[in-house]
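In what comes next, chain A is part of two complexes: it sits with chain B in the first one and with chain C in the second one.
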Partner chain A sequence: MSRLRGSLLPALLVLLTLAGAFLVLATGPLGVTPDALLTAVAGQGAPEAELALALRGPRLLAALTCGAALAGAGAGFQILFRNPLAAPDLLGVSSGAGLGAALALLLGAGAALVQGAAFAGGLAAGTLALACAALTRSGDGRLALILCGVVAGALASAGLGLVVVVAEPYSQLPSITYWLLGSFTRATMPEAVGAVVPVAAGAAALIWLGFRLDILSLGDEQARSLGLPARPLRLLALAAAALMTSSAVAVAGVVGWIGLLAPHAARLIVGERAGRLIPASMALGGLFALVIDRLATAFGPAEIPVGLLSAAIGAPAFLILFVATSRRS
Partner chain B sequence: MAANQLRRTSMLTTRRSALIGAGSAMTLAACGSRSPRAAGDVIAAGQPAALLIWAVARDRLAGWPRRPSTGALAALPDLAATLPELGALGGGGQPANLEAMAALRPRLVIDYGDTDAEDHALGDRMKTRLGVDWRLIDGALTKIPEAIREAGELLDVSRSVAGLADEAAAVLDRWHRAPAGSTFYYARGVDGLETGFQGSLATEAFEGAGWTNVAGESRDIGRVTREQVAAWDPEVLVTMSPAFTESVRHDPVWRTRRGGQRRRLLLLPDHPFGWIDRPPSINRLLACAWLADPEGAPLTIAGLTRRLYGMVPAEVPMPQWIR
Partner chain C sequence: MSGLRLEGLVAGRLSRSGGGFRLPPLDLTIEAGKVLALIGPNGAGKTTLLKTLAGLLPPLAGAIVDTGAPAYLPPPGAVSAGFSVLHLTALGRARLRRWSPGLTPDDLDTARAALDRLEVGHLADHPFDRLSSGQQQLVLIARLFVQDAPVCLLDEPLALLDPAHAQAVEAAIQALAAEGRVVVASTHHLPFAARADRVLAIGPDWMEIGTPAEALVPDRIRALFGVEVSGCPCCGQALS
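Up next, the complex of A and B:
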């Protein structure tokens, strides 16, 4: 069983994610066949296949990156806070990103600026929560972080509400609404690649922290007794998770449940240890994002917002997982 | 006459106090003791109605449901900038403060748009709450002449708007008889992936002129993928967004058709109001006039913008084919 957990199941996860990626690449309204697409990948495809590749590539990269980022950040938060309900938005990052994007749309900014504003808004909300928590002296600071995250999120949500109220109802308001509901299709290749860099940096930091996160989850005193500088390491982990969340939301909008569901499912497969849980969560998150992206365009030409789909699928799936694990324990 | 003037002045003072008290009319508050103008006595339930009233009897408009942008106000006569923002009484937009509305003691509220049971129910509810007559005028594009006449009657300016109604009828007649146009995709939003599907208000002006909207199988406004647009392969991209135009003018994915030909890009004016929606009101007549006769339209459009908005003909923007 332990061998299964150790190598076979993670390998299966990677295979499944690759299969999901192939599904997204090989299907679409242009009707290009997979072999034609493979020829295009090799650089010798027909114009139609090259077009399909140019259109599906950024979508695939955005879905994989955002799904992995949200799931990795969710796993990081859950380990740090020893709380299975911790989600990537714990520090108010998603609300901050939503406010940044909505403000940019209100001011008539272009797509790249909207993405930049969302990224900055998410980081600003996360920084605000971390700074406020640093001012407090309550125990090991976890409660303060949660409360300050709630405050930052609430402030950003209030600002977002104000933007929605003053937005022009025939053009700005639909754009803001669609942005908030999420989509993997709006990113161009440079924008999707732009998100990969901060997500990779955040993921590398979390994976490097690995066993240190496990120790940190036992509490500051325990960590210090084992020679770990608890506060700086926690700050690094939180900053990495906030960076990943902010990058994902900037590209895809507010897509919930991935960061909650994927770590739970991954925990069943690879166990609790951070060194395995975080990469496995990221693989599952990417797979889940690919599935909802494919479903988003499967029912007609109009795209179903991925934020809606992730909630519609993620919430019952999470409930099933929760019931299954609680019965087993 | 003097008594009438006195009553009007007194009413203005009351209105200003009430609005400032309600905290919803910063424009008036900022004016101090100098009243910018005598406020009108007709309230527009939403921005489409405001454009209709502005075209028919602009001095009767009590305020904007949503204040036009600075650029739009600069293009409109000075009167537009003096009107306060009142909020909307239904549909989209910042909701109005009903008490501030009642304090204006309007003679009439006009709504212009859909006329289904829900809109009638809204009118009945507002009539009861505000104690003011509420008239709902059918906002269908093809009924713009009738809407102008009906608003003219309600505002006692039937004679002066007869010419505009006749001109609108003539424009719509030519628009309806226009030869079939190209297939098109209407790109909305910063990334162009929001669109109006077949039969939506946003694309009615083009579809009525014989153009074929490639976005089918859904309703109203929605989002699609870039691959879906490529699969539809429209001959023309229609947009009102200069930012989107700039971002895709050299983008081969957007500008190349499946057969390799260059896809045309049409930028419609969005100033002072959109030509095909934003809001869906009588502003759409401009697109109809252009679609009916792109070559001969400038004169008609100059006349229409003068009558609809009070704009100087020299400032009228025209659609542009982007290379």
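Up next, the complex of A and C:
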């Protein structure tokens, strides 16, 4: 019974998130009925449904992908480091991506190039953290990774600060600031699809790791004693999580809290096992991003940056979850 | 399962500055089905030797011949996991499932059987972290049965345990050996050493291998721990 329930719950959460996506498309200014949407997705719908899909589809896809990516990466890091505070930017990936995007904006690059630079910056920071950690010889490399992640993040933040200082205050600075606050608005369909591919690859790796992540969470000694090659598997998990985070930040900018909040909420529902926690976290992260993005446009014509909304909603929600979990035990 | 053979094995930890320590070379054969107890004061190198045998630390010299895949178990309380006891036990099958998509129902059945065997089957769905040290240790030994490693290396398996759990864990350890595995266990609980097949005493700069009857006489205990005892220094129980 519990075995069945355990594997069904993540699937239910995924369905819930997909239903949420339809609901978001069906409500709002361009509201269309779900069945009109379904036929439009199939490629032969009414014009207004086609229009809704074309205008809001990319943004919806971007929100879903980024939310799922940040939540999946956050869950992966939390399991791997056995640290409930581990977030997707643990390896300095978010700061690195921010620096990459800001540099590209400073040089006047177009949207696609900014996304590419952010992606490269995030991966560069993550690689730097992993390489530095590989140089250390502390027994169980987790502490070294956290410290090196802090170092890589701090270096990238310093670079970002420099870019902000030298940026043209009236033309460049607003676009850099706006980018850093996060938004799903700027995503076009090719950009959103461009994020889906690496996120799906990273998610596939994390989901395949499944019970192997559970073993890695017991520490390297236990992993090796149970017959797993601890270091390569951990490297795979870290690379997958860094890839997902970089892709998300490259599309949406820095959107915090999803990666921290969604895994905790998912843990309350499906428990600690990585094989369930990662898909469940991704579903909830996608749903959370959808809701935030819907709220961003809900208050008048001026759009609220999702990074701000995410923190304004995520932080109190996190506190509530924390209180709920601690009272339960 | 052919046993464990050590040829001039030197275990130790060296630091770059030339410090650290090394144990004397060890030539030893332990047949399958036998229990070797490691005794000695804190810091003598029992854990270092166990981790070297487990392949977690490199030997400084010599070799471990044909161990198959050894399993190392840290002292009670050292493993922490938020997921269920059943899942943790089934992870013992990881070596068989290294590249497969997941654990199979068969793995879960094996795990359940091992838990039932050690009479902790009723805890299967509890989170591992909520168990007492004694229950956790029984679960981890159940995982050794699931893992089916030919060499089981246990670091102070009886530490922190009440007498009833210590008895259950000791019975489980004897069962591990009885099925043809080599068991090496460090302990401060000398009655456990007294019931082992052989005892390796690790002193500050010497090692001595012998039968329990040879190793556990008062003057050898005094040489090892520097205290005068009539029974077990940890619990006063008589050494029979």
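Everything that follows uses one rule, which is that the second predicted complex is superposed on the first by the 294 of 329 C-alpha atoms of A that agree within 3 Å, B and C clash if a C-alpha of one lies under 4 Å from a C-alpha of the other, contacts with A are read in each partner's own complex, and residues count from 1 in each chain.
One rule holds in what follows: a contact is a pair of C-beta atoms (placed from the backbone, for glycine too) under 8 Å apart; a residue touches a chain by one contact, two chains touch by 3 or more.
These numbers come from a predicted model, not from an experiment.
> Decide which partner touches more residues of chain A, taking chain B and chain C as the two options.
Ranking chain B and chain C by residues of chain A touched puts B first.
> Answer with first, second, both or neither: which of chain B and chain C does A:Gly227 touch in the superposed model?
A:Gly227 sits against chain C, while chain B stays out of touch.
> Classify the contacts of A:Asn83 with the two partner chains as first (chain B alone), second (chain C alone), both, or neither.
Touch status of A:Asn83: no partner.
> So in the superposed three-chain picture, is A:Arg212 touching just chain B, just chain C, both, or none of them (first/second/both/neither)?
Touch partner of A:Arg212: chain C, not chain B.
> Is A:Ser157 contacted by the first partner chain B, the second partner chain C, both or neither?
A:Ser157: touches no partner chain.
> A:Ala52 in the overlay: touching chain B, chain C, both, or neither? Say first, second, both or neither.
In the superposition, A:Ala52 contacts chain B only.
> Please identify the positions on chain A that touch both chain B and chain C, taking each partner from its own complex.
On chain A, no residue contacts both chain B in one structure and chain C in the other.
> Residues of chain B touching chain A in their complex?
47, 66, 88, 91-94, 188-191, 193-194, 197, 215-218, 221-228, 230-232, 243-244, 246-247, 253, 256, 258, 260, 274, 277-280
> Would you mind writing out the residues of chain A in touch with chain B in their complex?
Per the stated touch rule, the residues are 28-31, 47-48, 51-52, 54-56, 59, 105, 108-111, 114, 165-166, 168-171, 173-175, 178, 183, 185-186, 297, 300-303, 305.
> Provide the residue numbers of chain C that touch chain A in the complex, in ascending order.
51, 54-56, 69-74, 79-84, 87-88, 90-92, 94-95, 97-98, 101-103, 108, 125, 127, 147
> Report the residues of chain A in contact with chain C in the complex, numbered from low to high.
2-3, 82, 208, 210-212, 214-215, 217-218, 221-222, 224-228, 271-273, 275
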